[in-house]
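The following blocks contain the structures, represented as structure tokens.
Below, subunit A partners subunit B and then partners subunit C, in two separate complexes.
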Partner chain A sequence: MLHLPVLKADERKHSMDTDKGEKVDLTDAIFQLEKEGEWIVQRVPEPYIELDTKYGRKKKIPIEHTWHHKSCGQCGHIPGYSASIFWLNREFGLDYHDPTNQTSCTAWNYYASATSNPEAQAAVAIRNFASAYEVGYFPLIHCGTSFGHYKEVRHALVHQPELRRKVKAIMEKLGKPFVIPEEIVHYSEWVLAMKDRIAERQQLDMSMITATVHPACHYHKLIEDDAIYDSEIYGAQRTAIISGTLKALGINVADYSTWFDCCGFGFRHILVSRDFSRSFSVQRKIGVMIEEANPDVTVTHDTGCVTTLDQSQFAGKAHDKKVGLPVMSDSQMAALAMGAHPYKVLQLHWHNTDNKAFLEKLGIDHEKKWSEFQHEIQKIKDGKNEYMSWEDAK
Partner chain B sequence: MMALDLSQNKYSDVSMEEKDRLFAEAKADERWEHVLYGCYECGICVAACPSARFYDFSPRVIAQAVAREDTDLIYTLMADSIWDCSQCFSCDRCPRKNSPGQIITILREVSVKNGLKSAKEALQGYGRIIYKIMLTGTQVSPDMLQPDAFPDWGTHVYEIAENLDDWRKALPPETLHTTETSWVIDDKTIIELYLIWHMTGVMDLISGVDEGLYDIIVDVMEERLEEAGYDDVTFD
Partner chain C sequence: MASENIIVIGGGPAGLEAARGVADLGYKAILVEKRDRLGGTPDEAQYAALTPDMRSAKEAMDEMRDAVTDNSGVELMLNTTVTGSEGELGNFVVKAEQGGKQIDIEAGAVILATGFQHFDPGRETQKYGYYEHDDVITLVDAEKMFTAGNFVRPSNGEKPKSVAFIQCVGSRDRQIGNEYCSKVCCGISSKQAIEVRHHCPDAKIYIFYIDMRMYGYWENEIYWPAQEKHKVNYIKGMATEILKQGDHLIVKGEDTTLRRPMEVPMDMVILAVGMEPSVGTKEMAEVFGVNKNKYGFIETIGGALNTVSTNVEGVFAAGACTGPADLEDSVSAAGSAVMKSIGAIRKAAVPA
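What follows is the complex of A and B.
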């Protein structure tokens, strides 16, 4: 494979593209449809922080009163990812709601198998939004695909009156309000909005860490206008999420030439055609990162990306490929920086690629930490505790 | 890499009327006018496409085939190419504002709706995922992490499978102490999800690609709907 020289994207001089590109600002249309009685717009609750989107629109990011729209892949297979998001909220004493009346967005299945249709996909989205509205909390979307898909759904609902009519009828039958949130907000945007407060509470020096970043395709390629950009991060030529957070933690964010590439997840492929996922992930992402940047960790922010980049390395090792790079989410990195337990909170034992050297570099005694986690497991086995509580996880 | 046979002889047994009908179905989709505007033949979509690096797959060929309304070629692509797409939407960089990824989403839906052989083959082994998402409302549950399902993920999957119950109990968020679903989902929510599937005709799509799976899912749904007081809701 041809390797381009490392591009040093953060050294290029660019500025935010505020007067070019197609702008898909739906704000006016969303509120106009509310005036016409088509739906209810759920306002972003205060306090919120405004961040710039790709073409300069100010996007409101709620800080608390958030309804956590969990990710089936994160909660199912890499649960320390979600646990870290909740841990951060709890550390800051923020009011949040972890619902049991939420379903998956079902978009992973939709993009994998097409065994659904736009009407069903929109109804699933609006049913979840209605559930958040009913308890007075604002949706915070944990999954990149849910985030991208819900933006697509919102776009379709604004532009397709017939789809709105069908979904409205379904919501009426379910006895639920037809609600659209003022903003569709991804948790990485929340982490970025909180970066200075996270840095203020940072316990671990991370200045010796070099990290590469992989942003989720469905975060910044689907309805690209609504992703967060910052003139201070790559001159606003790349999305600021993850990179902005890591820089605030003092981490050296290293560039590599396949930054824009997908991770190889493929939706269908990761489940039933993994030869593609493994090859792409190892050869076009992990291998390139190692060769060009030699990072200690790669940080990403989506179910599929963490899964594919992490799990694919086992097979890569068998083929003598350049692998062995720990994979974590931005929420896990932020929580670790603030002193979260690597096993009780970050739950790193669910990850595949060995991360012990990374923890050692940070001065973390992983053997001691694992022993502490095993102590909690023993309490569960002995029937002393039914579950490990947040208090036990301290 | 298997070369894609675009000679147009491969599916000559399928009538042109049938090929035209399938394309007309795709073109009638409400999204169609927002996913295809033209094509500069610049190849940016191919350059950005992960699948193009590993398969004989080209979003440009697909965009041009549908732009030309070449229904013969479109049928070949529906049969042999569209399921290679990663659905990452890297191709949305198109300077003409096309979305080859969404063209493919629509073509896949038409393939599933019409029970094409290629759709059935592409979804072989995928049935357990459909079963899980349709019935439980979460797609990848902890108990799916089994060594026989993910042998290429190494010994760590054995460790997870062996310790699954205890490790799930050792998660601080109260909603994550589950093994069959990704989080706790209440019964009322599941019933609402089944009603959505019923009202939107989604089960008919599944019937088209896997009738046996359809029967199993519908049996479970109808029983739970009946228990919840929806005796009149059937999927027949």
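What follows is the complex of A and C.
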């Protein structure tokens, strides 16, 4: 037994509760601006669950009455991602709203240095918030980029009266109220807040699964003090998002040495230097995960990350790299754990990397499931069904 | 009747020197310390050697303790916590708790010497994983190991083959609100790098820095010997993440001289944690109504010409409770606080 005057890492006591957090907490400023008539603050509806942020501030995560701000990339590339979020809401019988009048946040262009300006960015954000407010639901942001971007927009609006003035004029022109939500909440925070309820209704044993995790840069690196941390997860040294959910499902979360690295998407890279994105994703992320952790799946929580990690692996395969690691979102994993259909709900057939071995390890007969899905497709082909309903997806 | 006693709060280097100074000048010092022993942070954190002369910290603290122990001019009150204060210059009544009992201490003036605490690296904006990786330690942890005479990797008890110091952890960081330089860390890291060399003659030793702030004689006393004699490598660049890869730590960051990202495997990493106001400093500022600066340190009001007076007449502050300070700063400020406090009492005693 080694006796040293230095504690092991897991014996060191880190208090997240620190008054330093006040420096980055915008809560007071947001409500003060409401008092001054600058805007309306939309309160987090009850019931909500409070989770710790990096510096100990409690963040309110609404459980229902949520307005689902979808992700352009999710809808286009991996529709089962957002379908899984809705499926979870429906399984729990929660009230939510799936709007049809949401505007793209345009942040991708902004982060790729391609276009736009602060007034346009902020006005789009406030327009979306106003749309949620008008129907009485609270924004829940599916997209990591929109989430990070809206946090930056909020920061700018709090600190720049001139920007507020310009955005206010735009909102008046649109005939919409100038609304800021009390919290800006990412869907994966909702999944984390729901983790115990999800685990209670878990149908699949996942204890044989080893997963690696990739947190989205725009989730935990932009306004990092607003991301969720937990002293039980990585000693509160990294965000608890995804990892906390997977652990609640009994999954073994494995570490790897490029955990903090970008997935490869990089915004500008995926637009103008896509080969770099592919190489980075395969060599710095997927390859390292396989080499160091040999996981069954890697789980992330953003559109760009899922698509890049998943859809870059073909390039590695072409170069005889060791690839073939299924990529899923935490919402898909949670839904799968609760018995969601892998094709009707998770829509894993849209994923590029083969995930059959992963499903088999979980004891899922993917051939049978595929045939059930095909049966629903046939009904649409035959004109018996216009589209697959939630009832059909059961 | 006005009191000529001076209450000194805090039994670290500044408080010890202040109490000794008050007694030397023929006044009575009441030295209040909440712990059960004197010596402050150098004692509590088990510092090994002082910067820059490598003198034993214990030996130095013993010398300071001896100067107040059995000194007829110093009344020692250990295990005593100050909880309130009434009165004014010449007539303070300081409320304290000692062994569950409430006591009143009469004093003409107050010297606050409540010091600092080391930055908690869990709040660092970079990703250093102090609470994740056994082999990521702080300067404070390293001091304890040097004091114990056994510098090894906490994970396996083996001598490290490579050690990296990371500077400015919790200092010069706008994002967490600590914009200030903690002043001593560059010197202490260099001193510790030399100590690591003594323990591990064959190890590769690196210091990753923004810029090295070796003011005064520390330049020739530590910085150059560390490089030239003890073969410590100084690398200008910020480390941003530490993760594990197999048995090693991987330090990632940017080498700003070579202008490119770096990833270096290391056996151990020592975080040069900076200074923040101690809990006692923040509490005493509230008790005595003394202004704090935006970082929570006690604010002195005299600029460069008076580094110990506060906004409350008769209440003075010395040492690291007013901001980052080394031992020389702390002891010098204590002397100044003694002079100012006695001067204030004498002036108050003279009828107008």
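Simple rule for what comes next: the second predicted complex is superposed on the first by the 368 of 394 C-alpha atoms of A that agree within 3 Å, B and C clash if a C-alpha of one lies under 4 Å from a C-alpha of the other, contacts with A are read in each partner's own complex, and residues count from 1 in each chain.
In the analysis below, contacts are C-beta pairs under 8 Å (C-beta built on N, C-alpha and C of every residue); 3 or more make two chains touch, one makes a residue touch a chain.
What you see is a predicted model; the values in this text were computed from it and never measured.
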With the two structures laid over each other on chain A, which partner does A:Pro62 touch: subunit B (first), subunit C (second), both, or neither? neither
If you stack the two complexes on chain A, which partner ends up touching A:Glu224: first (subunit B), second (subunit C), both, or neither? both
Just subunit B (first), just subunit C (second), both, or neither: which does A:Phe260 touch? both
Just subunit B (first), just subunit C (second), both, or neither: which does A:Arg238 touch? second
When the two structures are laid over each other on chain A, which of subunit B and subunit C touches more residues of subunit A? B
Mind working out whether A:His14 is in touch with subunit B, subunit C, both or neither, as first, second, both or neither? second
Doubly contacted residues of subunit A, that is, touched by subunit B and again by subunit C: 224, 260
Partner subunit A, residues of subunit B touching it in the complex: 30-31, 34, 48, 50-51, 53-55, 83-84, 86-90, 92-93, 97, 105, 108-109, 111-112, 119, 122-126, 129-130, 133, 137-142, 144-145, 150, 152-154, 156, 159-160, 163, 166-177, 182-186, 188-190, 192-193, 195-197, 199-202, 205-206, 209
Touching residues on subunit C, where the partner in the complex is subunit A: 46, 120, 122-123, 125, 127-134, 136-137, 141, 144-145, 147-148, 150, 152, 154-157, 175-177, 241, 243-246, 250, 252, 296
Subunit A residues touching subunit B - in the complex, by the definition given at the top: 22, 70-77, 79, 82-83, 86-87, 98-104, 106, 108-120, 123-124, 127, 131, 148, 156, 159-160, 162-163, 166, 169-170, 173-174, 176, 217-218, 221-222, 224, 260-262, 264-269, 271-272, 274, 276, 278-280, 284, 311, 314-315, 344-345, 347, 349-350, 352, 373, 376-377, 380-381, 386-390, 392-393
Touching residues (chain side subunit A, partner subunit C) in the complex: 2, 4-10, 12, 14-16, 18-20, 23-24, 55, 224, 234-238, 255-260, 292
